[in-house]
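The same chain A turns up in both complexes below, where it pairs with chain B and then with chain C.
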Partner chain A sequence: MNRFPKPDFESGYVYPQQQFVIPNEVLWSYIDIAVLVFLMGFVTWALIKKQIRWPVVLTSVVSIFYFGFFRNGCVCGIGAVQNVVLTLVSDSYSIPLYLLLLFTLPLVFAIFFGRVFCAGVCPFGALQELVNVKNWKISKSVSTVLGVFPWVYLGFAVLFAVTNSRFIICRFDPFVWIFRFGGELPLILFGVLLLIFSVFTGRPFCRFICPYGAILSLFSKISFRQVKITKKECINCSLCHNACPVDAIYPPYQNKVNEIRSKGVHRILRYVVFMPLMVAAGVTIMYMLSDKISRVNNDVRLYDMAMGNETNHSNVLSLELEAFWGREQTLEELAVRVEEVQKGFRIWSIIIGAFFGLVIALKLIHLSTKRGRKVYDISSAECVGCGRCFSYCPQNQKKIS
Partner chain B sequence: MKKTISRNIAIVSAIFMLTFSVMLITNYFQVSCTNTAHPELIENLKQANEELGNNPQLQEQIRELDLMARRAYFVSLYRLKTGAAILLFMAMVFVVSLRLYFANSKNIPNKEVDPIDDWMIKSKARKWMVLAAGGVVVGGFVFALLSSPYIKSFEEGKETSLEDVLVETIDIEEVVVDKVIIDEIAIDKAPEESPVAVAVEVPKTTHSGFRGNNSLGISAAKNMPTSWNLSTGTNILWKVNIPRKGHNSPVIHGNKLFFSGADDDARELFCYELSSGKELWRTAAKNISGSPSKMPDVIDDTGLAAPTVATNGKQVCAIFSTGDVICADMEGKQLWAKNIGVPDIHYGYASSLLIYNNLLIIQYDTQNKPRVIALDVATGNQRWEKERPEKSPSWSSPILAPVNNKPQLILIGNPGISSYNPDTGAPYWRVACLSGEPAPGAAYVNGIVFGAAEYATMVAINALDGSILWKNSDILPEIASPVACNDFVFIATTYGVVATFEAQTGKLIKTMEFSTEFDSSPIVADGKIYLICTDGKVFIFSAKGDFTLLNSFETGEKTFATPAFTDKKIVVKSEKVIYCVGEKD
Partner chain C sequence: MKSHKRVNHNPIARRDFLKSCARALAGGSLLALFGLTIRKTKAKDASCFWQIDPTKCTFCGRCETNCVKLSSAVKSVHAVKVCGYCDLCGGYYRTNAKELNTAAENLLCPTGAIQRKFVEEPFFEYSISEDLCNGCGKCAKGCNAFGNGSLFLQIKQELCKNCNECQISKVCPAHAISRVPVSNVYHLIDTL
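Coming up: the complex of A and B.
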């Protein structure tokens, strides 16, 4: 941040003692939780009970203004993932209850009612929902592959959080600048790009980037009560299929490709057999790259800078090096810390690499399974609960009329 | 009608947003790039104000400019924030109007981007997935392999450990050594002596520089006395006053003893007869081009002649805190003299000289340009010079470590312990691990280099690849250099603690505490460790087993220099006198 130094000359002016009003954060955290629960309940009522969309739009507007502009888009369940994993591995960090609730409540709702948090309670989802005008489809095969990215992002977010290096989800938040009226230019450009995409296709951030959405999709998959397009009988008109901005509605299964059953079984078995190999590949690559990846850590980067300066001695030191030498720390102390950090990176890279391999293998196995469908059906893992499909369904129209 | 209005509003708001975005981005860069906190003009005026001795009018002008700069900055910031708010509002207008425009148009079924068959979609997705995952795996492997230090080390033909990543490693060049000077340099033939000296036995064991040959702190001398008394004269062969002040240590070659001294009047190199303590000759550093007319500011603890002289049996060289280097032959004929630049170093210059073959090695870790210089010892011509990437000066002295029968020049600086090829100055490796103000020289034994500095650490380094073997920060020397021999390393501190560590592991073997201070470095000779404290008390330890204190006795002379050893004799240089210890015939 660009700060002015205090004026240099003594003119008799006495600086007033700085006084800060302590914000009542505890109260606001209770209000946040209450608003979160209320909005999720409201959306649940609309999606599950009434099958109407307007409460979702209303919730989106409220969420953008409250969680977005008023609360500055921080903290949120998406970023809280990192706090939770850091708490699990660190003795020195404990997550506040408020933050834990922000993380767990949407998951609890997801287990019971699907991704109602994504519907419009999440300010990022709400933002994309409100700007979405057209619904241009992306090829399902492409979106399936892109759908793996949130897991990869989640893996790296966990890796950097547990090594106490960086909260990348917060650092590379593409929308928070809107709520704060400013930010870094690359992130602003990235956010603008995402919003432009959001105008023409549904929720690109939620589908292809959001790591919390990936976790919610798992819980939503096994939810007790899921969003239904209509409570009446599906007449297979396919209107809802075209309405869904996130392509979460699957048509009745028509197996035009006659594949021998044994071939499909063999394919699945092959993926199961190769699963350890994929896990091993993930482990190996991540382990080999762990030292490179560890440069995300400030200490490692500082050490590299210091060593670089030792090699190519420069009298003009960077701010980081000036601060380092100013603290009278030794390179040896730093080297010890760096060694510790890199050791942590090596261990966690192995775990995350295994996770990556497992995700790919399970995705391939999932893509090798056949599931019979006689009517249009919502994939509750992918459905973000926007409620657009309700008004498209002629069966629901009849009800309204 | 409504639709048309919505469309037009959307178009107008879109155009407005685009134009406004360009303006905002321009403003953003203007605000970011302009360092309004420190405008150049204000800085220049401040400098002028200082030079003029706080001119009130100028100060008022600076205040006004400063205020103007602050206003300009905050106005720009305000504009940026307001602009962002307007842009956001227009974005909302755009989205709302666009939504209104498409309000009644449903997404009706049109051309499917995917095949109708679900199984085909899955098959396609599988194919993409395998391709993408395969691409990432292959790319990841290639990147990991290309950037792996293992590959680099394979290319270099040696294994690399984690330490290699931490340590700047440089290819070890093929070293061709004419002869490796270790431990003992036998004098093939006795040097020419004066007729008086013919009768005396000429010692064959040399002590050619600070802490002996190669500055390793190990002497091959044998049968030295283990007690002496300056008051009674027991085992004192001779004692003379020091002609000129200097904290440097004595050096022995044959029957000649060398040391230097300097004060405001002169800077001199002395040669004494070892057998008698008689001055043979002296030569002064004078009329040297570049030599300062005024002596540099040094503290008394360092003085103007702290560096120890060095000899190879043909020439003897000395350096002073003025940067003057002089060299004479064994008869006192000055061969050359030059000034290598007045060292910019607080406390005063203290690094001792080292002679390797025909090269005079000078560690010149000054503030402005740390470097190591090699001069031709016969002519004074520069053979090589290497700048050293050290961040502050050091007072340490170079050593020559015979690693696998190939000599390595080891230098200690802040923060690096470095190894060089003494023939060419090519760096072998460097470990940045120290801090503060290093004064002790390095120690070496069995392929391990030891370096230490007070308030930093003691570190053991594999001399082959520069990898760190162990570190210990519990007991650290400030001035006295460590000595390593067989399987131990021995240190003496300024707070009176002496400690012995296992050379391979760094495990502490023994510590002993004395109420004194050690500036003089320990020397291992004839199975014993000789150490003298600043008060002049001598400590002799066993150099094996449990490092028992064999004897300790007072000399009554303040001693900062490290004694020189030759067969049956020890030369001790105290603050005021220099004396030779040996059994009288």
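Coming up: the complex of A and C.
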């Protein structure tokens, strides 16, 4: 657009120089990875080897300042899930290496040592850790029901990421405003509410919302070395039972119904029949909803708007339509793109629906099976490695000789 | 068959066996995931910054209000080499300005971020003071409508928090904001 000619200056005027800062993120991102590995190693040493809590607190403080305030808390491992799945399916998007490491390293640590990332390295976990003082119990059935939510959240996050629609984990992050010094009011209120809750009970976000925590807990369930309350023998004194803010310590439990084998086999068979039913239900529901869900995608919404305007002409165009017609695009082109997007949504809704069915079925099965336990023991899937229980155990105290 | 039975009779051994299987599965899937994605990683040209394409932007004003920062990371940028140095600047004065003076009611910019300096008859040099600019894009809209289109909006990388997903990009009506690699982190009108 050149409505006016370039001026001919006679006074020897020189154009002012403009500066544009080129970010130097690449270097910083590798420093991030180094810090991440170092902190996770430090926490591992403290929890598994020494069984002490202060390094966890120290790590929490360091993490809040470094990953939180200094590096703005974004990108984090939780959100990186979306980048990873988008990379897997997309031809145009590519993930930077450090982000892939940010996602995988905590999982690698989880296979070996449990959720050491959650212990204090994750800035969001660290925030909740530092404000927590009480450990009010949440009943098992309530926490199991709420515990389904991270998986549902994960499912939707994956669905919207693979269809290149939105990163909902980033959109609804309740804590990152703290590190950015500002954000939307509803999210700020939600974050404050969560922090108030975490004063009274451990880590509400980690237990009932965080999708990455869900994956980590799965990995931590089978880890090689797990956090133990004491290395010595448990004397069943029950002192540690109430120490855990996330209710991860389970008391000894005698399986009263010693069911005979054939009965057990029958029960398992019932589950096996029950599981595909749940999966089928999940698939059906999600498939039916897929067109509605696809409206999260910007193109789909734009198309709906354009179609709405075709049938119901209005003189004041929305900003979206103004931009759309302004760029001289045709509705046909858009329709082709939208069809493509909706096809993606249909396919992925089926997969995610099956996943939802599986998760709910497994949770129900888990609720109905109980395993005998002789001593107080940590459920490593739930333990976030805060280290509070160590000091409660009399076996950990130094003996007076 | 025999050994299978023995495993079943000992719940601890069975549990350990299952655990090893699960570990192999978890480790294997993690490795597979890593292998599949690492082929697509690019350290240097991965597009992990956000920028506005000024040829698509319609100056809707959402950049001002939707950035996660209190004062938007989007700022107006002036391509001096494109500017006509006009006295009657479409990005400086309101269209209904009664008099061409610097009284606020005549000026387009709500924060007074655009300053002008007399160069020589009849030319004026315009510049943006970034501290004042709120990224509303009113000036750019005016300049595009009546002038050379030398004012446009850009995400200033030193101000941008580099969100994993830019919030503005999802409300931008023109779909003008996309991920860019560090080698191409600004889209300047005079170099397009």
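What we mean here is this: the second predicted complex is superposed on the first by the 364 of 401 C-alpha atoms of A that agree within 3 Å, B and C clash if a C-alpha of one lies under 4 Å from a C-alpha of the other, contacts with A are read in each partner's own complex, and residues count from 1 in each chain.
Going forward, a contact is a pair of C-beta atoms (placed from the backbone, for glycine too) under 8 Å apart; a residue touches a chain by one contact, two chains touch by 3 or more.
Everything numeric here is computed off the predicted structure, so don't read it as measured data.
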item	value
Touching partner for A:319 - first (chain B), second (chain C), both, neither	second
First (chain B), second (chain C), both or neither touched by A:182	both
Touching partner for A:33 - first (chain B), second (chain C), both, neither	neither
Touching partner for A:96 - first (chain B), second (chain C), both, neither	second
Which superposed partner A:108 touches (first chain B, second chain C, both, neither)	second
Partner chain(s) touched by A:350 [first = chain B, second = chain C, both, neither]	neither
Which superposed partner A:272 touches (first chain B, second chain C, both, neither)	neither
Shared chain A surface residues [contacts with chain B and with chain C]	2-5, 7, 9, 11, 181-182
Touch list for chain B against partner chain A, complex	25, 28, 36-38, 46, 59, 62-63, 66, 70, 73, 80-81, 84-85, 88, 95, 98-99, 102, 106-110, 112-114, 116-130, 132-133, 137, 140-141, 143-145, 147-149, 162, 165-166, 168, 387, 389, 391, 415-416, 430, 432-435, 456-457, 459, 471
Complex contact set, residues of chain A against chain C	1-7, 9-11, 13, 15-16, 18, 20-23, 25-26, 72, 74-75, 79-80, 82-84, 87-88, 93-100, 104, 107-108, 111, 166-167, 170-171, 177, 180-183, 218-219, 221-222, 224, 298, 318-320, 322-324, 326-327
Residues on chain A engaged by chain B in the complex (per definition of touch)	2-5, 7-9, 11, 130-131, 133-135, 137-142, 144-145, 148, 178, 181-182, 185, 199, 238-239, 241-243, 250-251, 253-257, 259, 278, 281, 284-285, 288-289, 291-292, 303, 306-307, 310-313, 325, 330-332, 335, 338-339, 342, 360, 363-364, 367-368, 370, 373, 392
Residues on chain C engaged by chain A in the complex (per definition of touch)	19, 22-23, 26-27, 30, 33-34, 36-38, 40-44, 46-49, 56, 58, 60, 62, 68-70, 77-78, 80-82, 84-86, 119-120, 123, 125, 127, 144, 146-149, 156-158, 161-165, 167, 170, 173-175, 179, 182, 185-186, 188
